[in-house]
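After this come two complexes, each holding subunit A, first together with subunit B and then together with subunit C.
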Partner chain A sequence: MIQINEEKIEWRDGMTVRDAMNEVKYSFPLVIVSVNGKVIEQKHLDKHIINDNDKIKVFHLISGG
Partner chain B sequence: MTNHNPEMPEVAEIVIYARNAPGSFPILKTKCAGIAGCGGLGSNIAVLLARAGVGKLIVADFDTVAPENLNRQHFFIDQIGKLKVDALGDTIKRINPKINYQPVNVNLTPENIPDVFSNVDVLIEAFDKAENKSMLIDTWTGLQNNKLLIAASGLAGTGNIDKIQINKMENLIIVGDFKSNPDAGLMAPKVVMVASMQASLAVEYLLELK
Partner chain C sequence: MIEITINKRKISVEEGTTILAAAESLGIKIPALCNHNILKPYGACRMCVVEVHANGEKEITTSCNYEIHEPIAVFTDSEEALNTRRGVIEMHLARWPNVPAIKALAKANGVDKPRYEHPLKNESKNACVLCGRCVRVCSEGIWEDIITFAGRGAERKVSMPFDKFYERCAGCGACAWVCPTGAIQVTNEANHPVRPKMIRNWGMKVTSQMITLDDQQCRMRKIGTGNLVEIMDDYDLLPTLNYQYGSHENAKKINSWVWQNEYFTQGLPDGCWYGCSMSCAHAIEKFELKTGPYKGRKVLVDGPEYETIAACGSNIGNFDPHYVAELNFYCDTYGIDTISFGTALAFAMECYENGVITKEHTGGLELTFGNKEAACEVLHQMSRGEGFGMILGKGIRNMKKLFIEEYGADLDFVEDIGMENKGLEFSEYVTKESLAQQGGYCMTNKGAQHDEAWLIFMDQVNNQIPTFENKADALHYFPMFRTWFGLVGLCKLPWNDISPADNAQTDEPHKIPEHVEGYCKYFTGMTGIELDSDKLIRMSEKVYNFQRVFNLRLGYGTREHDRVPYRAMGPVTNTEYESRQERYDKQLKEKVGIDPESMSTDEKRLKLREYREDQYRQLQDAVYKRRGWTSDGVPKLETLKKLGIDFPEVVEVVKRYPDV
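And then the complex of A and B:
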């Protein structure tokens, strides 16, 4: 089982961060993603493999400043 | 530089910062904060860090002061048309002329960010556009320099201030409500609140660095 924000989903061998995001239908274009508190570069989202029990956090980046 | 202008009296820094947290001045005096963007967040953050006693500020922005900035950015009507980084420098000098203020008049890109902010102890993301926020966070993460970046996301409109969160990760803190629609407008009370939270987190971090 892995956690992505407040949701818990089944872990699969070889699952990438992007796979997990797709599974919970996160499609917001600009996000910051961390796995177990470590920020993942955008270019690594499609290939960063997650382990069982990992905690993923996805934050929307919204204009305004 | 000694200032003999009677309108700018010489005041010892120790007196300016007498009411700050005990023991904070000698530490913060030696610290450098980078600020990426000089708008509603960045201009207010710089003023707050100057008042907190941070000794060196590197502020980067390419823009000039416009009338529509005055609702939330720390500029004044007589500064319209000036480079933002220069106008802000004038204000910082009026708070404490001994602060080492470094204006950098550039459009920040992944190519120049490592160079512009190479010597900072902490970097603060203060852009308006989400694309630029993403670019800076991604660039800084890729550098793997172990230096904290404090970013903001979601500060539009007037409500939901009780929804503002502080999310702490390794080398990254993001402050904001993460959902307010930018079309709701940008109002000084909420923008400055988030700027103030970023500045406060920076001060806390710099004091822990010792």
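And then the complex of A and C:
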């Protein structure tokens, strides 16, 4: 199990941060993502592998008219 | 990743990185002149030459536009590279001996004096060194081609067409900002700002971010606010069928890729604000109309934007992009707001589907969700002041009254699903899961709009403002901050639709502190009056409280007028409840503390309603307190005093209410 914001989802071997975000449909681009408190740069979201029990925080900024 | 060496130091870089950028990340400085970090590499001045060894071959090449695709060894200061560079510098120095930027490069690279006299010698300190940065920023950044290179060889120079001033130039100053020599100066400061440089420097920060970051962020330059359609759908926030649901399987038919790939024809600066590098308004050219007085004509549609796509699309069950654009065009042509039209029509459609109104009332129109031809017909009727269009044109508040008083509609149902506050139709977000945004829509002066606050992500996704006090703080700060844009007449999109690359490292990233500071500087630069973020809020607070008092004077502005139609709070019908049953059941268990297992949907829906309405009441208490108002939502005398707006006429209005 991993936690992404308030939601809990199944962990899979090889899962990247982006995979986890896709699972809960976090498609908004203006986000600040951290794994266990450490900020992950935008360009590494597709590659950063997460471990079981990791805590991901996806902080959404505001946009729109 | 590719392993390379620079001056024998190892570094692994992403494929496509330039040598110049790779060197920079190692702290190795390579002299450069025509290169600029917000512009595409150009390779004109040859100042940045280095020695590269690849596949056993050696070459001297410019590093700013050399993309790395294989393991290479780079020597930035090999003898051959240095000699070539010195030759280039010498040539520059001979031609432009007094330009500080050239002199500095010469000094740093050990070039003393040119050994020859240049036939085109120009002794000005601000001479143009033909680096082309200005030409590129005007084209790449501002999407204009106001200045270009003209002439060849010795005649080559930067100029406007026919060597005359071209009125299309926005005077944005981007060209002057990137110019390394000061050859370009903006001299006509049309609005007479007190400190023009201050404004330009901050403006260029945003322009630089637009040029370098927008493609990965909100795609404002390509698609504009329409980028939100698929995002809102993903987060269950896209209003569909009069805000019953937040997503729809057909939303993909009207999402931003459809507009970008099949409809929008212009990749141009939009003229919304001349010289704006965000240029978020987009248009469809040669659009052939299918209905109405211009049927068959080809027209230009200005839009659609997100709100229009949702209001005239998903919210009325219309997933045909052609008809979204058609409604967009006719609303604009008739002078009708697309949001109020769409939201009012969505209400009428739900009333029709539930038998509140029938063909008898609509003049034979079948007003079911998704009936796009009927939607157009109602709009045309509205423009002529005829038929059901005339009724719809009066807005939801008047329709509710009419339906209840004349058509015998069920008061509770109509009040629950009529999405308006203070007579203004809701804009296009589903707020059921965000208590703070219910406040953002309804504890407002203007009625149900998101211009004052948009807190859904902070509240619902980040869980960043969990307590009533946190939410009240946000419902103080954001409405005040966003009201300020209206006071000074500045667009707020460059505040939050682009964010600085290092925004994540700031204390309050959701406020985008660098951009708040920038807006303060615009104000100071224009007026000469120092402003910081606290003073900015105070400025708005005065106006905001004035507006509240104004509402009171007109008979609005108390607690009862901040009421939320229940559709904006939670599920009105059992079908709605059941469509998100897992979510609601979980909340009943975890937040309300009851076991939904053996309860009927009716019972569960009512329990949830009780809970949510009570939450909103508590939020009202907290927000009014934070804003310095009475529990009825009236500004207290001490608040008016503190803000310096306790004028007799103002005091007289509030004194009629208890506890002020």
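Everything that follows uses one rule, which is that the second predicted complex is superposed on the first by the 62 of 65 C-alpha atoms of A that agree within 3 Å, B and C clash if a C-alpha of one lies under 4 Å from a C-alpha of the other, contacts with A are read in each partner's own complex, and residues count from 1 in each chain.
The rule we apply is simple: a contact is a pair of C-beta atoms (placed from the backbone, for glycine too) under 8 Å apart; a residue touches a chain by one contact, two chains touch by 3 or more.
Remember, predicted model here, so these are calculated numbers, not experimental data.
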{"item": "First (subunit B), second (subunit C), both or neither touched by A:Lys25", "value": "second"}
{"item": "Subunit B versus subunit C as contact partner of A:Gly37, first or second or both or neither", "value": "first"}
{"item": "Subunit B versus subunit C as contact partner of A:Ile49, first or second or both or neither", "value": "neither"}
{"item": "First, second, both or neither for A:Phe59, with subunit B first and subunit C second", "value": "both"}
{"item": "Which of subunit B and subunit C A:Glu6 touches, first, second, both or neither", "value": "second"}
{"item": "Where subunit A meets both subunit C and subunit B, residue numbers", "value": "30, 32, 39, 42, 59-65"}
{"item": "Residues on subunit A engaged by subunit C in the complex (per definition of touch)", "value": "5-6, 25-30, 32, 39, 42, 58-65"}
{"item": "In the complex with subunit A, residue positions of subunit B that touch it", "value": "37, 39-42, 126-131, 133-134, 137-138, 141-142, 151-156, 167-172, 174, 176, 178-182, 186, 191"}
{"item": "Residues of subunit C defined as touching subunit A within the complex", "value": "216-218, 225, 228, 230-231, 234-235, 305-307, 450-451, 454-455, 457-458, 461-464, 493, 496-497, 499, 503-505, 509-510, 512"}
{"item": "Parts of subunit A lying in touch with subunit B, wherever the complex brings them together", "value": "30, 32, 34, 37-42, 57, 59-65"}
